[in-house]
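The following blocks contain the structures, represented as structure tokens.
Look at the two complexes coming up: chain A is in both, with chain B in one and chain C in the other.
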Partner chain A sequence: MSTKDDQNGTDGNRTEDRHGLNRRDFIKTSALGMAAVAAGPWIGGFARAQDTIRIGFPVPLTGPYGSEAKEQAACAQIAIDEFNAAGGLDGRMAELLVRDDKLKPGEAAKRTLELIEKDGVDFVCGSLSASVQLAVNSVATERGIIYNSISQSDTINEASDFTKYTFHEAMNPHMTAGTAGDYAFSRNQGKKVAYLVADYAYGHEMMRGFKVAGEQYGMETVAEVIHPLAAQDFSTFLPRIMAAGPDILCLCNFGLDQLNSIKQAHSFGMKESMQLVAPALLYNQRLAGGPDVFEGVVGAANYHWTLEDSVATAKTFNDKYRERHDGAPPSDYGAYGYAGVGALLQAAKDAGTTRSDPVVEAMEALKYNLYKGPEYFRQCDHQAVQSVLVVESKPASAMRNEYDVFEVKEVREASESMLRSCEALGHKA
Partner chain B sequence: MAGYPIELIVMQLFTGLALGTVFVLLAVGLSMVFGLLTVVNFAHGAFYTVGAYTGVFLFGLTGNFWVCLVGVPLVVGTIGLVVERFLVRPLYGRGIDYPLLLTFGLAYVLVELVRIAFGTSGVPFSAPPSLQGALNLGFGYFPLYRVFLVGFTTVLLIGLWLFIERTRYGLVIRAGARDPEIVRVLGIDVSRVWLLVFGLGTAVAGLAGLLAAPMRGVIPEMGIPVLVEAFVVTVVGGMGSLAGAVVAGLLVGVVVSMTSLFAPAFADMSMFALMALVLVIRPQGLFGRAGLMGG
Partner chain C sequence: MATKNSRTERLATNDIPISGRRVAAALHAVARHRVLAVLVLLAIFPWLMPYKALAVDILLYGLFAMGFNLIFGYTGMLSFGHAAFFGTGAYATGIAMVHFNVPWFGAMALGLVIVAAVAAVIGLLATRTRGIYFAMVTLALGQLVYYAVYQMTELSGGENGLRGIQVSELSVLGVPVNLLDPVNKYYFMLAFIGPAIWVFSRILASPFGAVLEAIRENENRARACGYNVAQTKWVAFLLSGLFCGVAGSLSAIHLSIVPIESLHYHTSGLAVMMSLLGGMGTFFGPFIGAFVFLLLEDVITNITVHWQLFLGTLFVLFVLFLPKGIWGTLLERLGR
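Let's turn to the complex of A and B:
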């Protein structure tokens, strides 16, 4: 439709608007922007690329993952503001350029190309889909631009897609499904497992992660139901799963799909006969679904704000977010946005430049603790080695406040043993 | 059919019919406004969203689902009346694309207002406690809420049908749709009839949003896929045919459900495959009048 570009415009503006710009500032910025455009795209683009550190941030603001994507952009902006408040890189300030990739690889590739060629970004961070990030990765890294991915993928670690400019701040399906599966399967709730799988890379990679984790417990797969991405109604997928009589149902889907499938499985009374497990149990979707619908569902998570009780950086990050969002704490996927941009800026500062090669070296040497405890990038595949949380959704009666939605059952400390080995990924040892 | 016990087939068929009634509910408002006013209402999905959020708001105020069930169609219907009176009315007689473009833009405005009022993230909404849980149907468990929905939609459709086919007001509506000029000559104020029809159509769209809220997530973008589903049902059934919308809705539900059983990855596509097939065989849809769109 012809409104595509308008929509992008408004989305970009809205996001910026939400990041603390008031109307007056916004008008001023727009006026400046227009002046720059009038001065000619060449002069404007070149001059800005010299002064400002620009980070391109393609995320699916519209569509079934919109809620997570907006959080990521909001948290990434916190990292930018923090960097600027601390003086930037020898006075060079950072700027975040949020674009809507609409959860489509083609759209994401186009936006990323624009960000690099037209806006002259120094780094790219973002994307919220296992398949979309591969498109962004190839566009960015082919042009020698560092890309730090903040959504789950196994493939991006593999030698075929990996380049020296590829970094992966998010966890990967092998870690999350592996951890969630290990936790659920070890509880002796029965051996029969069913899978409800969103039909794209994320879903299939998650199912594989669960199956690998299930091997040592002798788990048996009784049903695999593949559903289209962004399905509206799950009622037609559920009878076959119920008929198979599993003890555990692994929901290998994300965003709104996770909410709708849990909501509808709950209405079919499935939680009474089986344990629901999500590889990444989402804070935002739990808020949207309510405590009753999610009660008892277990899953892995990269973050839950109550980590602040034991981790100092979590407290700092939460407080910064609360300040901007009426006291509401940040979400798990939002935190990825913060850490993804934060790690890039930290490395640029360490390297003293935004040129890709020195920054890659700085990233490889980086030991950082931005929000959840210590992290570092593994040498061979640039995967962020980090802790994985096992969480369970609380019943309404156990919640301290409206945001206290998950109980952290376990924190599995950062360790390369959670990852597939470098050799298995096709990297030279 | 090895691996597919008969209970499962029956259950899947029933699920499909229940899903079909949801589709009917989603489509009926759109179909009515088109059939009687020849207005292609692209804001249908937005009215659906507004309905769900009005439900959330009223529920927060009263804590009573049944109050929402009455209040939501009243509120959304009133918005519909205002929209018809001040926005759509000046465009009558100007060709079908004028109201289409207007409602297309209106949809963005309404959804943006929802975002401003309720935020961009989803909000929780559950079925009332008396309608929660699952019911044993003999061949499997089925959510009580969906059973209620089938019953409620049936009553709603009978009510709409009686109103349009069996009342004096309905007679005027049908006459106005057939030949507004003659109706005007007879001294009837057609514009008031159209106002009412548009209001009714949007009220039903809002009601659909409220009723879908306990099953699907309540987010500002919830109406986008619904607009697509409603159009598929309307096109398959024949633009503007109430009976067509019912038959097509049920048919789409069963087709989607059966595809989900045997080839779940193609569940979404099956809807469009059915639409393509119907359009090839009967371009005006199952119950549609030929040439309505061009006329």
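Let's turn to the complex of A and C:
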């Protein structure tokens, strides 16, 4: 018997499925289906329209900063839609490509390579960690792609990491910790300062900013407690701070770490004996933590939606956001996403092209007011010079509505004096 | 005639359809010329991927997992500290280029010397132990390297990672090659990884490779046969570390940064996962594992933020139903 017969024999014996579709056909069909789904990413590369303006947006959708990252992406999309509704760049529409960088610099570098090689992005904006933005900056600018960072870092301003394609829309720890520190230290609440520091670059940069601000007031450091990133339990760290008996506690951490440390400080009754200061007091974390936990905590912020009472662009931005999010106003970090993408698109429009070099020139010349009042990029390090808000968390009784969480105590107007000097950063004057 | 009859009989009773047998024959040929087969596949590989950087990534992690597999799959020792070699290779190469202005080739060579030193020391301490103790000692020593580099902020950039490793153009026999072009970069990487694969294959085929498998199967018997087990393990560890070091060194050039996570035990875990997924103790397995893992991760993260759920489930399914991994199971099915 030949093998062919053997084959036929088995074929002949095969029973039909009761539903008229036999097993092999089913497997074949589903395999085809799966292949089609799996082929998506390959086909996507070819099917794209050639003249769309693409902005890559790597942010940590997964991980401890997920809620801030989603906000950033949602707000960036508003900037894209506004640009498109206004006719784009001579009819060229913009598109936002959001990618998850998982809060890891290596992953972010790979995602940025993907955005550049596969999607052919014109600009990159985004990231939410010092180390991640430095990685994205390195990959994007080496290839001559403009990167506008919307996350805090001091290092990105320094000459060693700066390139002509590097821009920094977010504030930096020197500005925020400097402003929050200056405000808290100037109120004569005592000279003893303790620091609770998340053990990563941003945490240490914030502490440095506070210390610089404290010099002129003669502040004395009584404790520096370092905690690992994404710590759940602060009960081993806080007693060490309480034992040192500070007048002011500076919380040099971010995201969930900020929420958890303030929550536990609150339950330990630490707010009775010391003033809590956070360099970037976060709107999202305050919403999650509630008014009692945060009451009386002061800090700096790039934005709070109540700015709309005095700034027209804030009102416009808030209204657009409210329209899409059932009346909820945008968050501070979300606003960075809006401004970061907005500034890039504005510059592209001014330059009349998306080619990097003319757009860099347009960015350098740009005077913009997108959401919080006037801003511009400083020549030497492309840092966005902008106002810094000093905010204090309101008690429940003083809130107008559930989103009215912070009282804006001061708006420190945009000034280069808040930044480290170009020489100190290593730039040629 | 008698032989022919018995042959037909065997075929007739054999379940495998004719196409399957052809595949088996092809695979047999592939197995005989495995290096050539891998190289042919890798030569066209970037065009089969959604984008070239992913192909480079698979290449690098494939080599990393392959190096790891020498100690895990072939010698039977589960190490949780191989990120130390990948990361040291990357950092040493990067630091030499960024802080000491060493040209890329010298920096890579220097990187390998340093990896060899680190692997020699870790190997000396770790290969004295066995089983779970070996896993724990390698994990601890790996983390030691992680924290040492983390604290060397001046050199390594600490938490911010090392930046500015820029090899944008180099000259091959006088012809300038732009490494920012993804295709050039892929073949640049392949120019190192190809020979590494060949060397790896030679090691496995050598008497030394046979001793490794003997140790895996029965350490006491290998010792009774007169082999110096302790020394063989140490040399295997050193070689394994070197392969991982090459992968790390190339990854520094690929990404132009070295993130601190490259030294983290998660990276060690990645090598374990890729080896298991592809098939431990098989030549192609680690590459297949790296390919499946990275491709799925890439595709799934673009669809959902819950990518870990999918990859985790997949991993559990593989461990339950394909304990020999993808390539290992395939070989077993066809080898019947």
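To be clear about the criterion, the second predicted complex is superposed on the first by the 380 of 429 C-alpha atoms of A that agree within 3 Å, B and C clash if a C-alpha of one lies under 4 Å from a C-alpha of the other, contacts with A are read in each partner's own complex, and residues count from 1 in each chain.
Note that in this section contacts are C-beta pairs under 8 Å (C-beta built on N, C-alpha and C of every residue); 3 or more make two chains touch, one makes a residue touch a chain.
Since the model is a prediction, treat every value here as computed from it, not as a measurement.
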item	value
First, second, both or neither for A:N188, with chain B first and chain C second	neither
Partner chain in contact with A:E117 - chain B first, chain C second, else both or neither	second
A:T62 touches, of chain B and chain C: first, second, both or neither?	both
First, second, both or neither for A:N401, with chain B first and chain C second	neither
First (chain B), second (chain C), both or neither touched by A:S160	second
Chain B versus chain C as contact partner of A:S417, first or second or both or neither	neither
Which superposed partner A:M242 touches (first chain B, second chain C, both, neither)	first
Contacts of A:A201 with chain B and chain C, given as first, second, both or neither	second
First (chain B), second (chain C), both or neither touched by A:S131	second
Residues on chain A lying within both footprints (that of chain B and that of chain C)	3, 62, 66, 199
Contact set on chain A toward chain C in their complex	1, 3-4, 6-7, 38, 40-42, 44-45, 61-62, 66, 99-100, 102, 104-106, 109-110, 113-114, 117-118, 130-131, 134-135, 137-139, 142-143, 155, 160-161, 199-201
Residue ranges of chain B touching chain A (in the complex, touch as defined)	5, 7-8, 11-12, 15-16, 18-19, 22, 108, 120-127, 132-134, 140-143, 145-146, 214-219, 221, 225-226, 229, 256-257, 260-261, 264-269
Footprint of chain B on chain A - complex, ascending	3, 62-63, 66-67, 70-71, 199, 225-228, 230-233, 235-240, 242-243, 256, 259-260, 263-264, 267-269, 284-285, 287-290, 292-293
Contact set on chain C toward chain A in their complex	8, 11-12, 17-18, 50-54, 57, 158-161, 163-164, 166, 168, 180, 182, 255-257, 259-262, 298-299, 301-302, 305, 307-308
